[in-house]
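Should a chain be cited, it is by its letter among A, B and C, assigned in written order, with residues numbered from 1 in that chain.
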Amino acid sequence: MVSRLGDLAASVGAELRGDPDLRISGVGTLSGATSGQISFLTNPKYRHYLADTKASAVILSAEYAEHCHAAVVISDNPHLAYARIAAQLFPPARFEPGRHPSAVVDESAAVDASAWIGPCAVVGADVMIGAGVYIGPGCVIEPGCKIAAGSRLVARVTLCRDTELGERCLIHPGAVLGADGFGLANDQGRWEKVPQLGRVRVGKRVEIGANTTIDRGALDDTVLADGVKLDNLIMIAHNVQVGEDTAMAGLSGVAGSTRIGRGCTFGGASGVVGHIKIGDNVHFSGQALVTRSFEQPGYYSSGLPATENSAWKRAVARIRHLDDFAKRLKQLEKQVKELLGNVSQPKD
Amino acid sequence: MVSRLGDLAASVGAELRGDPDLRISGVGTLSGATSGQISFLTNPKYRHYLADTKASAVILSAEYAEHCHAAVVISDNPHLAYARIAAQLFPPARFEPGRHPSAVVDESAAVDASAWIGPCAVVGADVMIGAGVYIGPGCVIEPGCKIAAGSRLVARVTLCRDTELGERCLIHPGAVLGADGFGLANDQGRWEKVPQLGRVRVGKRVEIGANTTIDRGALDDTVLADGVKLDNLIMIAHNVQVGEDTAMAGLSGVAGSTRIGRGCTFGGASGVVGHIKIGDNVHFSGQALVTRSFEQPGYYSSGLPATENSAWKRAVARIRHLDDFAKRLKQLEKQVKELLGNVSQPKD
Amino acid sequence: MVSRLGDLAASVGAELRGDPDLRISGVGTLSGATSGQISFLTNPKYRHYLADTKASAVILSAEYAEHCHAAVVISDNPHLAYARIAAQLFPPARFEPGRHPSAVVDESAAVDASAWIGPCAVVGADVMIGAGVYIGPGCVIEPGCKIAAGSRLVARVTLCRDTELGERCLIHPGAVLGADGFGLANDQGRWEKVPQLGRVRVGKRVEIGANTTIDRGALDDTVLADGVKLDNLIMIAHNVQVGEDTAMAGLSGVAGSTRIGRGCTFGGASGVVGHIKIGDNVHFSGQALVTRSFEQPGYYSSGLPATENSAWKRAVARIRHLDDFAKRLKQLEKQVKELLGNVSQPKD
């Protein structure tokens, strides 16, 4: 799609310094863009590329405008302006409504006429599929699911029984929503399954990454609120609640019944134990192990950075002896105090 | 399904205090249950809900019976009693035997007449499928697999060549059993594949979570014994053996050839190195890194709990200097010892 | 397949001590092999099995030859020799070219006559599939993908739009290549999607494990070079570049835009942050958290080994107080220095 630069700038409420009639047909990095493309600067460490970029226009904040010889689109939030301009230049692939002949759709399913059911997709009894929904190839939608308008299941997504998706969700391949939670009762060493009777309910504008799994609730539902963004290979256990606009990076996991607030972020491979409460705007760095409730906004960590192997081995050995260190330190303090007493007394 | 309360209590060998003719049609949490539902108390911190619960009956241990105004079902193991009662109220969805017209079943496959092969499922040559087996939509069963009676593959499960499943297994969507193990030989920096010639053999009553992967053995088989329970997104490498009734939480991984005993538990995101031996009844907490054999029953950990970021950064910096700390501590001890000698000598 | 031992030894350039006309029909471990099978010794700790092995031949290095009563195939790299001999005895399953009637192949796709498209596989518009490619059951190949000669997608693999695979790649079930990267711009607390416009490009001889996910680039491509080997459940984020012959064990993750060199190895559950650079021949052990660039070859770690729970809890508590320890240690050093001054002065 080709757009006038003036129209693009206006669409995001940005100031344009340059020719509004320039034709923009693509996007590129500052160093890689070619004529006809628009680029952006969000990370100051790349600002030296401004002088030589071949982009026809650059989205940036006002302070860098003078360093750029190309047309500039000035925004307080260049990343956001870029996202919106790129979305106009590259809208999601359109599709014809209908269903592929190889799709298997139960006759009791209510599929909106503007939706698409792709090849080898399977849609069960009593499923409700809203306007403009895209069900990609190989998806499995079990009985009783509801998918609201504008949602897109890319390919090979599984929604187990009674899962509900809000409007404009985007679910990537291999994601599984509504599989049984990991509920086990122990009978003298032998595990017995606890029926998982809740559902998964997902709000609007939720994005779920490839091969991520969201388990159904044991009794109550597992709930992802509006605007939640989950990366790939994430595990959300039964009865977890995730608040609005919380984002989680890949390979993170949240154990059962934990409640997470709004606007939180979790670095990759974070692990959250069950039955705790995370407040709003709480942020964890990668590989953090979250073992208790964190109600206050803030930044929290526990990951240890990798270092040279032999030095690391020595440090690990010392960690084991910290208890001993502490005792020896205390003993020394006592001895030195006595010595100070002895030494100073003679001076009195 | 609606049941008499008396029948439910009797079915789990529990004492009923209340009207045996009450009709129970559902389950709920103590705080959320409504009339006609049965609830349970297993976590003492919820006991204050007993006074006000609207549940018609509550499963609990004897000590809490007097605090509950509803009918009580008294059990030494309320969680287990609940699991069994819930399983009666909500039996697994029944299915008609047969095969969906869109399923692709090799003519050499031996499929029991009471089994179901779902839409778009693919069953290869020489597969054996036992009585009452449910193969959900989109499953792929490669040639030579054997699936024993009563097992259920929910949807989009892959069993690679020659995988064997015991009776009454439950495999959740996206799980992959029998993919090649990660076997590589190095030829002057270039990796060459080592053929993976073993199988995956799974015992009875094994549950495998969504998107979990169990690799086939390199030479011998990878083996999950009866009653093993695996959560989502777990990785079991080639030649691993997992003993009876061992349970593992999500995102855990076990490297090649490790042998794990019976009745073990692994917290989420545990990582176990290869070629070691874990005994029976060994328990690891979340994010534990298991680097050596643990033969003795017990509880083991290595995860570091998340804490406030700036404090954490200081602690991490200190960890790197532990070796230096140790040396300085030793030096101080030596000096103080000398001082004590010097100081005390004059007293003699 | 049955082979002459002499032919097998010659095929890998190894010296044979024994009867070249022995017929070898299989492989086995030293302790498990039976007559007609060939075994190998790579780990010296198993050398005591040499005396009693029932294998007809053993691949080993020269130093162990005399301890083996069976025929020996002497190689400087027994593991590699074994891999190649096993590959001859157990070649990949052959297949007839063509397409299963249930496969859905867009008429614009260019599928080589020697390729196979399996049951319930879906191949989109403008896809190019090379000679001898195997597309297993339930795979989804979105429009514009290119798959070079000899590659094998075992089952239920997803390649999203415009993904490119080089020759002789092997992709295991559930893997997802080319799903959107996790690109989000923040609009006053609300996330907005950044279009992901790059592709995934994979070189030759790349193996990708079950349920591993490789995201497409945001602008530039995500690139796996020739010979990269990825285990199961790995997450490679957008714009990552992985160099030739680098291998990564299961449950590892690499965040966006990180560049990794050649010949690196990553232990299981390693986590690498975004926007850093890892040089050639850099090696990380399991659960390492890689938070900065590592340009020098070497071995690096940060994982903490699991230990007995109560001891661990004490060590964790001490870690939190390391800052306090450091201050007390410094204070003691100062005091002891003063004391030494005081004590020694009288000696002057």
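To be clear about the criterion, a residue touches a chain if its C-beta (ideal position, glycine included) is under 8 Å from a C-beta of that chain, and two chains touch if they have at least 3 such contacts.
All values derive from a computational prediction rather than experimental measurement.
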{"item": "Pairwise touch network: line, ring, star, complete, or other", "value": "complete"}
{"item": "Interface composition of copies chain A and chain C: same or different, split at half", "value": "different"}
{"item": "Cα-centroid distance, chain A relative to chain C, in whole angstrom", "value": "25"}
{"item": "Junction residues of chain B - those touching two or more other chains", "value": "102, 120, 138, 156, 174, 211, 233, 251, 269, 287, 303-305, 307, 319, 322, 325, 329, 332, 336, 339, 343"}
{"item": "Parts of chain C lying in touch with chain A, wherever the complex brings them together", "value": "102, 104, 120, 122, 138, 140, 142, 156, 158, 160-161, 174, 176, 179-180, 182-187, 189-195, 197, 211, 213, 215, 219-220, 233, 235, 237, 251, 253, 255, 269, 271, 273, 284-285, 287-292, 294, 298-305, 307, 311, 314-315, 318-319, 321-322, 325, 328-329, 332, 335-336, 339, 342-343"}
{"item": "Partner chain B, residues of chain C touching it in the complex", "value": "27-29, 32, 77, 79-80, 82-84, 86-87, 90, 93, 100, 102, 118-120, 136-138, 154-156, 170, 172-174, 207, 209-211, 227, 229, 231-233, 245, 247, 249-251, 262-263, 268-269, 286-287, 303-309, 312-313, 316, 319-320, 322-323, 325-326, 329, 332-333, 336, 339-340, 343"}
